[in-house]
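Have a look at the structure below before the remarks.
By letter and in written order, the chains are A, B and C; residue numbering begins at 1 in each of them.
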Amino acid sequence: MADRTLQTTAPGGKPAGRRPFDLKRQTGFSEIAWFCLFVLYAPIAVLIVFSFNDNRSVTLWTEFSLRWYRSALNNQGIQNAAMISLQVGAVATLVSTFFATLAALATTRNERFRGEGLVYAVINQPLMIPEIVTAVATLALFALIKQLTGVGGIGYLMLAHTVFCIPFAYMPIRARLEDMNLTLEQAAADLYATPLQVFRRITLPLMMPGIVAGAMLAFVVSFDDVIITLMVAGPGETTLPIYIFGQMRRGITPETNAVSTLIVLLSVVLVALLFFFGKRRR
Amino acid sequence: MRKHLLTAAAVLALGAGTLGLGAVQARAAGELHIYNWGNYTNPELIKSFEKKYDVKVTLDDYDSNEMMLAKIKGGAAGYDIVVPSDYMVSVMAGEGLLEKTEPNQMANFKNINPKWIEVYWDKGRHYTVPWQWGTTAFTVDTAVYKGDVNTLKLELDPPPELKGRINMLNDMNEVINAGLRYLGYPRCNSNKEQLKELSDLLIKAKASWRTMDYATIEKLTSGDVDLSQNWNGAAMRARAQRPTLKYAYPKEGFTGWMDNVAVLKGAPNLENAKLFQNFVMDPENAALISNFARYANGIKGSEKFMDKDMVAAPEIIPPAGTQDPEFVPPCDQKVVDLYNRIWTNLKK
Amino acid sequence: MAAETASVPATSAPAETERLRLAKAAIRRGKLRTRWLLLSPALLTIVLVGLLPLSIILVYSFLEPGTYGGVRWVFSTDAYVQFLFERDLFEDTLTFNPAYLEIFWRSVELALLSTVGSLLIGFPTAYFIATRPPSRRNLWLFLITLPFWTNLLIRTFAMMLILRDEGVINIILMKLGLIDQPLVLIYTDGAVFLGLVYSYLPFMVLPIYAALEKLDFRLVEAAYDLYATRGKVLRHVILPVAKPGLVAGCILVFVPGLGAYITPELLGGGKSLMIGNMIAIQFGNSRNWPFGSAASLILMAIVLVALLVYVRYAGRRRGHG
């Protein structure tokens, strides 16, 4: 990212009457961003507060207690579900982001080619059908494959997740690459860099913000999926959303709040560590 | 930083994958795959079954009979046990999805309350054994509404104090059946005049409803509504947090239901599944089920092991003179099509 | 990659020798091959696990419903007829029935509104992130997505805690003495709108950020120096760069928004059907898989047409860059 460190000093010699213009500060934008953050975190704060509630209900506050953390730690079912969710999410994110990156490279930065519209439609197809329909149809297909090959396992669930993660990973990467300036790559190639070197040193770093954004979206989508998972998951493959969804009618307990809090905490710690080590290397 | 993120993600994924494989290999020799309603199975019951028969049990959840049916019909192989409600048992048995395990020959069959043997969904119990049973009516806050609660009028033509304070189940059959009972018309109805009247009644009543949702306990205890159509066990749990709530037994009639332990055709662990059917007919085990989910179970002698507050609860033991609940068989396709139209029209 | 992107000088055709023409054709073929090679993993996965099931759905939509769900293998177009017309069960006459169209329209409206809403919040947020120092940007991205690593249902329940009659907002307002009757916030269209914008915000912010991040702010500065107004800078410098991201974000919000129903049900109170749950109950209580299949194909056709129109439009704009 060292390629573009910006100086935003207001150039001198401006005619009178024009305020110095800080480009990074469009009026109200930072306020909106902070507001956005506030809105995003308000429910999370409530969720965390209620994970410490003594009451069984997720709606009324009584008093502070750690009982839901204790019971979540004793609840094998919810732990397994969280573990399966993480596994499926991680695999689906990696695979779909990789595939989407390749596809985005192929569909941008060049003149259009015949069939591009079709390719675009195909990649976005998983977005376009209501989940329940995809779920029923995928189940029918997988059941057939299982019957023919006799192979079962969690791979099917990961595959199903990979499919609907691809468009979510693809779109930000494509947005990043579209209209991208090719001069750097061409310059490198002119300087006798091998194609691989050009890709590793120039193209990949340029794409990175898109890839990171795409991967994050893919993970979020996989981690939240209910309907497709409900249909495709085999025995012992209950994910966290399925576990919670199954509880809706009989009443959700704050155990789920406790587990969600733990997941948030875990990701904060993980990212903080990465940040720390990333900084030190610099 | 970015390289780190990616590396970490890769390591995480690989680690998670390996853990998953390990878990698969670590399974005990015997297995049993149960597919049941969410938050409905006492973990102690599972533990005790695992210990007694040295079987590793996996438990997965569904949230509606229909979702479960769609999944089983779609060809989801691998589950041994499902717990369908009464009407769903007759559907699944009719479609050849259930294994005829003849529970009536099992050792613990003597414990079943005779009332639950000759049932419409499984006459003589050739396929299933009782899990839990209950009723579907509604709960009212008696601090808000002081009159007689035992009438469907409160849901369908509510007094001013309840207007806009009502939650109905988001369930086509329960809502339509409540309407039919209120009008005094038969269930599985295809009479067009009667259905027209029903449709008008529901559309008018909907203006007084605040929500249509399955999460009834949370709706009542949060104070969002003062009346909610719900199940008796849920009513009892809601009352624990809002003591002025009262479960109604409408004089026009109310629904009864029973969830049943069934074995799927082609179950990979047939023998263990049969053991489980026998296992839940043991009074002590049946009480474990009831103590967890708060419904009655249909096994004689289980009261001894049940929590005291349950045995005395008005939601579980109806007051003397209350009529029997009505168990509604599945309707034929023509009726379902008509109901579907009414429902779409109601919610469009 | 370098070979692929190295451009061939565009000389006029008459001066071209036969050899040069052949070489150019070979390069073009090579480029095309690379391109399909890169596309193949994604396309193959989607074709096998996405389009193949879709053909099953297509077949289902032309069959008759089975008695208890599933299908009977009898050809029928009833599923499509049912979408617009109501067949009288006794007289077999058809009358126009707008109920499903109304449900469709409600979902389209809601999806449009939530797209606009998340755009209004998402664009400034993405812009803000893209203008942070490079070392901070990933932290911001992480902060934006972290709330979504909890579950959608849990988040929605948390929102309900905030919005309900005895919820956080009403309690605070009452304590402050600003109101003495709780405001009706939950189970309203406003609550649904809020919930959808909330759920889809990262789908808007991240693509826009990815596009904006490549904006060279020296350009903006230059434009401003050349006496462009703030509005002109936005229109002629910032928006063109952000456009691919804006389009991607809008698609990622609008299309899933069409099928959304868990959020509308929980926050809206569940009294109105959305396309999503209308279709879902066809596979459940209503036991009409063919109709559910047909309705989703109609939905897909609408989205597909919109997407193709976009590609046409975007393609013309991109030209030979």
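By definition in this document, contacts are C-beta pairs under 8 Å (C-beta built on N, C-alpha and C of every residue); 3 or more make two chains touch, one makes a residue touch a chain.
Each chain and its UniProt protein: A = Spermidine/putrescine transport system permease protein PotC; B = Putrescine-binding periplasmic protein; C = Spermidine/putrescine transport system permease protein.
From a predicted model like this one, the values you see are computed outputs, not experimental measurements.
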(message) Which chain has its C-alpha centroid farthest away from the centroid of chain C?
(response) B
(message) Contact counts by the stated rule: is the higher one at A-C or A-B?
(response) A-C
(message) Report the inter-centroid distance (CA atoms only) between chain A and chain B in whole Å.
(response) 35
(request) Could you give the separation in Å between the centres of chain A and chain C, each centre being the mean of its C-alpha atoms? (result) 15
(message) If a residue has to touch 2 or more other chains to count, which residues of chain C qualify?
(response) 135, 138, 164, 283
(request) Enumerate the residues of chain A that touch no fewer than two other chains. (result) 58-59, 136, 140, 212, 245, 248, 252, 275
(request) For chain B, write out the residues touching at least two other chains, lowest number first. (result) 1-2, 5, 67, 70, 215, 222
(message) Can you tell me which positions in chain A touch chain C when the two form their complex?
(response) 1-2, 4-6, 8, 11, 14, 21, 23-26, 28-30, 32-33, 35-37, 39-44, 46-47, 50, 58-59, 98-100, 102-103, 105-107, 109-113, 116-117, 119-134, 136-138, 140-141, 159-160, 162-163, 166-168, 170-176, 178-180, 182, 185-186, 188-189, 193-195, 198-199, 203, 206, 209-210, 212-214, 216-217, 219-220, 223-224, 226-227, 240-241, 244-245, 248, 252, 256-257, 260, 263-264, 267-268, 271, 275
(message) For a test of understanding, state which residues of chain B touch chain C in their complex under the given definition.
(response) 1-2, 5, 64, 66-67, 69-70, 73, 91, 94-95, 170-173, 190, 192, 206, 209-213, 215, 222-224, 330, 332-334, 336-338, 340-341, 343-345, 347-348
(request) Spell out the residues on chain B that touch chain A in their complex, using ranges where they run on. (result) 1-2, 4-5, 8-10, 12-13, 16-17, 19-20, 24, 33, 35, 37-40, 43, 58-63, 67, 70-71, 74-79, 214-215, 217-218, 221-222, 234, 237, 241, 293
(message) Under the definition above, what is the set of chain C residues touching chain B in their complex?
(response) 65, 67-70, 86, 89-90, 99-100, 102-103, 135, 138, 160, 164-166, 186-187, 265-266, 269-273, 278, 281, 283-288
(request) Within their complex, state which residues of chain C touch chain A. (result) 1-7, 31-32, 34-36, 38-39, 41-43, 45-47, 49-54, 56-57, 60, 121-122, 124-125, 127-129, 131, 134-135, 137-139, 141-155, 157-159, 161-162, 164, 168, 198, 201-203, 205-211, 213-214, 216-218, 220-221, 224-225, 240-241, 244-245, 247-249, 251-252, 255-256, 259, 262, 275-276, 279-280, 283, 289, 292-293, 296, 299-300, 303-304, 307-308, 311-312, 315, 318-321
